[in-house]
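Naming follows writing order (A, B, C and D), and every chain is counted from residue 1.
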Amino acid sequence: MPANFASDNVSGASPEIVAALTSAAAASAMPYGADDWTARVEAKCAEIFETEVAVFPVATGTAANALALAALTPPHGAIYCHPESHAYVDECGAPEFYSGGAKMETIDGAGAKIAADDLAARLAGARPHGVHNVRPVALTLSQATEAGTAYSAGEVATLCDIAHDNGMGVHMDGARFANAIVHQGLNPADATWRCGVDVLSFGATKNGALAAEAVIFFRREFAQEFGERRKRGGHLLSKLRFISAQLDAYLSDDLWRANARAANRAAARLADGLKTLDGAHLVHPVEANEVFAVLPEAVIAGLEGDGFGFYRMGGAGVVRLVASFNTSDADVDAFLAAARHHAEQQS
Amino acid sequence: MPANFASDNVSGASPEIVAALTSAAAASAMPYGADDWTARVEAKCAEIFETEVAVFPVATGTAANALALAALTPPHGAIYCHPESHAYVDECGAPEFYSGGAKMETIDGAGAKIAADDLAARLAGARPHGVHNVRPVALTLSQATEAGTAYSAGEVATLCDIAHDNGMGVHMDGARFANAIVHQGLNPADATWRCGVDVLSFGATKNGALAAEAVIFFRREFAQEFGERRKRGGHLLSKLRFISAQLDAYLSDDLWRANARAANRAAARLADGLKTLDGAHLVHPVEANEVFAVLPEAVIAGLEGDGFGFYRMGGAGVVRLVASFNTSDADVDAFLAAARHHAEQQS
Amino acid sequence: MPANFASDNVSGASPEIVAALTSAAAASAMPYGADDWTARVEAKCAEIFETEVAVFPVATGTAANALALAALTPPHGAIYCHPESHAYVDECGAPEFYSGGAKMETIDGAGAKIAADDLAARLAGARPHGVHNVRPVALTLSQATEAGTAYSAGEVATLCDIAHDNGMGVHMDGARFANAIVHQGLNPADATWRCGVDVLSFGATKNGALAAEAVIFFRREFAQEFGERRKRGGHLLSKLRFISAQLDAYLSDDLWRANARAANRAAARLADGLKTLDGAHLVHPVEANEVFAVLPEAVIAGLEGDGFGFYRMGGAGVVRLVASFNTSDADVDAFLAAARHHAEQQS
Amino acid sequence: MPANFASDNVSGASPEIVAALTSAAAASAMPYGADDWTARVEAKCAEIFETEVAVFPVATGTAANALALAALTPPHGAIYCHPESHAYVDECGAPEFYSGGAKMETIDGAGAKIAADDLAARLAGARPHGVHNVRPVALTLSQATEAGTAYSAGEVATLCDIAHDNGMGVHMDGARFANAIVHQGLNPADATWRCGVDVLSFGATKNGALAAEAVIFFRREFAQEFGERRKRGGHLLSKLRFISAQLDAYLSDDLWRANARAANRAAARLADGLKTLDGAHLVHPVEANEVFAVLPEAVIAGLEGDGFGFYRMGGAGVVRLVASFNTSDADVDAFLAAARHHAEQQS
């Protein structure tokens, strides 16, 4: 069956993670996070991020984002985000729901990234009428972005400075955090709190887990009532150890980085192949595990006909291809061969 | 290590369910429920409940309850419940959150059950001042209850009739639904929609799954916007198949009833043993997998000292013991032997 | 036309207040509270309450209560109240709405008052399961109560101490605050912040204004985001001076106390008359401007037939009679004469 | 004192409206809208709009807008609006609050108006991912707009058709409705429901009332739970007759149109005068009672120095001047004379 590049959530799960689940399933343990796996995850996060953190495992990225943003945002607050960000456009209003009706203010920018000058300019003009306008309280950045690009550490630091100077907190949506920092060769601390990130949605689901994300607070004062919020949102699993066991395995033996590296490598291989195709070009630099490419219509249609999985997305003639931790070279090469075949047919 | 009767969520997971997960983890599939496992779960629910249903898998019982209640309840509505119900007391206000601030009105009653006369009387006097008072819109019943008792089909039917006559919808919190109906020898349809239940939180987590519940709508018009609500609450898993695969195994080969039967049998064995203990008596009839018993303080303290897991809960001198799908006769007998030992020491 | 004792909101408005409105309506002024009337109201409140306060005029008592409670209460908080309190029963869930879904926990008590021991006991047993249970954060007391009784300063102080010891804030619903303290001969400071009240809904509407209440914060740190909340709730009037002008007149020349004294006097006259009626007795001590009396059915029916306004309310055979600032002795005497007439007819 | 053109809410109130309030204040009446004034307002609205309507008086425009939008919008809905609309930018998130966290989607356009093609294009591309995206459910149009322009009846009809074809409801923010339709010579029915408007915030406060707006439902099925929403929001005044009495006078003897005509005439006189000033020009056509004009900086500064009231608003070098029902020719002429004086000084 032809490979499925529709998303990294179409892939299954890493054997190491499945094994950890299986082992955990054989034991009894106290519920709601009072278990060894959860304690281990907190310890590992502190070690990996080189600082004390408050860690809350949850099952979905939308929950992680919305709960984290709600921890920063009163109902009359404004969350600044990119208009293509998942939290803004693809969570059916979850941040608005969890915050009690905050407003999301969008700042457009190339490559699904917010430019520092644009943020500064917007904040300078915010709230001309005081209580009549919502108050800027949070900035959310996607790392990697929805366009498969990544903010440099310097870019993140500048954005965080602007936000903090305006009294705002900074959230990072790291559904593909591993992919971004592996690409950049950054360590987790340098990519987050040392740049000023206050809270991170640290993703595992797209990178080899079944359903596991961790909300990681670097500024722990924001986490004070997070336990209540998570419970109230229905996101405190009774057998939380089954999320934690996934994260525990994910953070062991560098699995999380190995998986990300594999996915990035497959994406790069895809990109390299497509670049040389007649009539094709990349839309964004490939800085994680996603490729956005313009392809000739006949090639797109041909690949669809072959049964390859991907979305037309990101503009006319653009397709999005997402590589996973278990995308093989053979998967990529078969796709590229088919694309070349359709391109030749056409000419 | 002494057995842990603290809750049925301290137990691990059924091997059949773990095997199903493992198998699903090896495959690729489309996300967000567009997969075979999810389709199969919907089909099996329709078959088991003998009617067309709308089924929504989620990861927690709190999510199932709160989302289901929100589907019945506008923000200015009132949800009638027992004051000991999980939704009222142990979900940190999740129903209030998901409904946008509905009010939960409590009706007390023996054995954690609502009596029909009490419900009728309360509704007769509701809303003396029209728009100044919240409107009764939903009734929620726990089956089995938090006291380990169960409503008979007749009781449910009478309560549903009263609710429907007052224009209300009926939700059943079935975190321990299997335990209740197996005890009663009822089939699922007779225990739910044929009695008038409109929507069921159908639990699996406490009965052998890792994290899997299904919201099942018998009156499907209430489900119209449930997809949006689930997504907005962060409860639509991207790899939803990993919840569905658990439910699929749970509903196969009668596993769900077999597990419930095992847990109930263990609870009955516990109850039978404790009844004969000097100074002990049962607080509630044991109609599912929970035992509430008054024990002499020295016995309780002795068992705690031994390392058995359970809660002091339900009044002075009362302990709650919960049996699981994998509680063995040996577990029970060791507990009873220890209890008898402490009772003898005392006298 | 026979007098209307249905409520103090059936009465019109004090001529002094109407004159102030008329005068304000002739002038231009900056909107949203940047006007002289609003500044004067804040100054007068500080003077009358003998402390620095933050004052927010609004148009309704429900808005005052709900906004004030929301200032004390996160969504996962619990507000403790009497089950007969207006905020609990007669505001269609406004506190739940403004707080984002907080839970209102009721503590019953005679005369619509919460007893200190009952509050202490409830709080001692609150939150056995931590984040699974909502957190006690606010206590709301009605002064005068919905039964026409009043808390003594000592009672308020004891209740506030308990609340504060439990980390809670205290709100007083003072829709009939003037009536209560005039009855008790208390000054405003002794009746509020010196007892520990943190925020007061200070009513004028029922006591001679058209539509004017003030939310008065004694602990001003709770008021930090009140401006945003009021605006967001639609309760910041553009021509706020027309609320403030009412309050300005209300607080001038002791009008507020004079009005309350007149209403209380009329209620006392009613009560004195009814006490001597055969088959009648008072249900609660009359400590403000409301009388709850058991009357023979024939008397009630007779008075209804005469066209007097009042509600059957507070139990079987009980009527509620509310006196207003402009209830005359003649109004009362005519009612009493009619009651006596019907009582004699009956015997 | 120099005239204040900062807003139409700086003006006082029409003597006819004050007289009506004074008269109402002398009487007793049943509370919460069970009074003659409220009944009369509903009847007059039906007559003026030539159709059956459901009418709900409230005290503020923000309340009217937010409550009306909430009646059209579930929490997971999207409200389409202009980015300069009052509801979007100047209500501190009230629509988000009342709807339970709906998303407001902005469509920019010249003169603060939404163009039909832009709406159609946006809706055609809405919701590519189904439940992952909020659902378009409401369109809100300001009439007159925040730029002092007005939609023609044809423009409203086209926009309403597009909205209805997409299953959405249409709200009109008519804070300056009278000004718009008087300018256009339209009758109220032709300007609203005959074009497809479903619910109107009908303003009086800016046009001579103290604090009075009416939410008018032409599609009354949307009004079903409005009574509860209004109460729950704290917007059901106990002495509602004092809002209704204002509206009653406003709708009598064509006062509402006479006031609007006077304000529009003053705005036109201002605009005519400013057009002839060296270095000045109008930014938008003057189609109601607001003038946006570019003036030389020296002129602006001079007028500010003179003490005239107005805002710098709408871009660099732009001032906004708003005329009221009681702006006199002398007020306008004095302003124009001063402007000419400063312009001459400069040259």
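What we mean here is this: a residue touches a chain if its C-beta (ideal position, glycine included) is under 8 Å from a C-beta of that chain, and two chains touch if they have at least 3 such contacts.
These numbers were taken from a predicted model, which means no experiment stands behind them.
J.: Name the chain pair with more contacting C-beta pairs, choosing from C-D and B-C.
T.: C-D
J.: Taking each chain's centre as the mean of its CA atoms, which one is farthest from the centre of chain A?
T.: Measuring from the centre of chain A, the most distant chain centre belongs to C.
J.: For chain B and chain D, what's the span in angstrom between their mean Cα positions?
T.: Here chain B and chain D have centroids separated by 51 Å.
J.: Where the CA atoms of chain C average out and where those of chain D average out, how many Å apart are those spots?
T.: Measuring from centre to centre gives 34 Å for this pair.
J.: Counting in whole Å, what is the centre-to-centre distance of chain B and chain C, each centre being its mean C-alpha position?
T.: Whole-Å distance between the two chain centres: 42.
J.: For chain D, jot down the residues that touch at least 2 other chains.
T.: 75-76, 91-93, 97, 100, 131-132, 134, 228, 231-232, 236, in rising order.
J.: Across the complex, what residues on chain A touch chain B?
T.: Going by the criterion above, the answer is residues 4, 6-7, 9-13, 17-18, 21-22, 24-31, 58-67, 91-94, 97-98, 205-206, 210-211, 228, 231-239, 242-243, 309.
J.: If we count contacts the way the header does, which residues on chain B are in touch with chain C in the complex?
T.: These residues of chain B touch chain C: 75-76, 89-93, 96-97, 99-104, 129, 131-134.
J.: Which chain A residues qualify as touching chain C in the complex?
T.: 32, 74-76, 100, 130-132, 134-135, 225, 227-232, 236
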